[in-house]
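Please find the structures below.
After this come two complexes, each holding chain A, first together with chain B and then together with chain C.
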Partner chain A sequence: MALFDWGLVLSEILIVTIMVGLIRIVRGPTAADRMLTAQLFGTTSVAILLLLGEAQDNPSLQDVALIFALLAAITGIAFVRHTWNTEPETHD
Partner chain B sequence: MSFLQWSIDGLLALTLLWLAWQLLTHPDLFRAIVLFIAFGLIMALVWVRLAAIDIALAEAVIGAGLSGTALLVTLRRMGERQPQQRNSEPHHDSEA
Partner chain C sequence: MTSLISLSHWLSAAFILSGVLFFVVGTLGLLRFPDIYSRLHALTKADNLGLGLVIAGLVLQAETLTGALKLILIWLLVIASSATTSFLIARAALNRGIQPRSQP
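Showing the complex of A and B:
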């Protein structure tokens, strides 16, 4: 029962940190700041999912956490490869 | 315990509504795409809270991951097609 409470409390703290991180999306100076905030949301969501899975005795949430980690990496790679260009290059 | 669960759901709903409002009303396309990715992540967390774990999986894969990647690639292609500088070469990449 104690573990149940602590999982929910910690996941709520992590949700509050996500809401604080929204500030950096709104007033991030560069595109990389905004994209790194999305990466931070992915990492924090993995932590929230693992804590909720532990709190609700639901081990299948670990699979959802795995998918989150995988897709955050894919989104970051797409940003670096396709959007974040600081110098001109020849396409194709 | 019940208050904790209510407050978690309320915070998630508030964040989701704020993200949706921001991404629909902002003129900067790249910021809207990043907000869309964040919206997909929070939406998947909401599906988990609603005990719909398979829908959370689909939302994380399709909504946040593949759609975000496709939108980023599309934004770059749009920037290539628009004439940014009239005097320079037409395949100059633009920073969104």
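Showing the complex of A and C:
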């Protein structure tokens, strides 16, 4: 379909948004701010893989996107529980 | 029938384009917002809506029912993980003493 030659163009736009998001890694200032860029990678890479899979007529990229979604979840939660953990919480 | 297929095509294109626009807006928020809480808001809300719109467009183009259901599963999984992670990061930031930005 001619419509999804645009899939490659849109994937490139999303890749540019990820590259621009890397500026946040440099500027910080806290570790959690840098972690936000990893979250950005998680959601945007899923969209990139889905669009690429449609543009190249390759359904297996959907499975890769599913794995990326799982890894993004595990990465964020591992960061909070291990790297940025605090002493016993006083509330909740 | 051809008009129905054409409508599905254009609807799919509109969904995907608006989804990409939301991704761009989410990245802008990540760069421009003043503190971690508003950046979390920009990231989780705008990016997840963008992904939802992209997947809605792709579902309209899906050839099999299982393919469409798999796309919807991916979206629900990303939504659940982003909601959980953003809550955990915000709570950890609050426990670390990072105060939300007050009115200027």
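Structure notes:
By our rule, the second predicted complex is superposed on the first by the 84 of 92 C-alpha atoms of A that agree within 3 Å, B and C clash if a C-alpha of one lies under 4 Å from a C-alpha of the other, contacts with A are read in each partner's own complex, and residues count from 1 in each chain.
As a working rule, contacts are C-beta pairs under 8 Å (C-beta built on N, C-alpha and C of every residue); 3 or more make two chains touch, one makes a residue touch a chain.
In this text the structure is predicted, and so the values were computed from the model without any measurement.
Legend: residue contacts after superposition of the two complexes on their common chain; A:Asn58 is shown touching chain B, with no touch to chain C. Of the two partner chains placed around the shared chain by superposition, chain B is the only one that A:Ile15 touches, whereas chain C remains out of contact.
In the superposition on chain A, contact is made by A:Met35 with both chain B and chain C. In the superposed model, A:Thr43 lies in contact with chain C only, and not with chain B.
Touch criterion met: A:Ile23 reaches chain C, while chain B stays clear of it. Shared interface residues of chain A, touching chain B in one complex and chain C in the other, are 4, 18, 35, 37, 42, 70, 72, 79, 85-86, 89. Within the complex, the chain B residues that touch chain A are 1, 4-5, 7-8, 11-12, 14-15, 18-19, 22, 30-31, 34-35, 37-38, 41-42, 44-45, 48-49, 53, 56-57, 60-61, 64-66, 68-69, 72-73, 75-76, 80, 91-93, 95-96. Of all residues in chain C, those touching chain A in their complex are 9, 12-13, 16-17, 19-20, 23-24, 26-27, 30-31, 36, 39-40, 43-44, 47-48, 50-51, 54-55, 58, 61, 67, 70-71, 73-74, 77-78, 80-82, 84-86, 88-89, 91-93, 95-96, 98. Across the interface of their complex, chain C is touched by residues 1, 3-4, 6, 10, 13-14, 17-18, 20-21, 23-24, 30, 32-33, 35-37, 39-40, 42-44, 46-47, 50-51, 54, 59, 62, 65-66, 69-70, 72-73, 76-77, 79-81, 84-86, 89, 92 of chain A.
Of all residues in chain A, those touching chain B in their complex are 4-5, 8-9, 11-12, 15-16, 18-19, 22, 25-26, 31, 34-35, 37-38, 41-42, 45, 48-49, 52, 58, 60-61, 63-64, 67-68, 70-72, 74-75, 78-79, 82-83, 85-86, 88-91.
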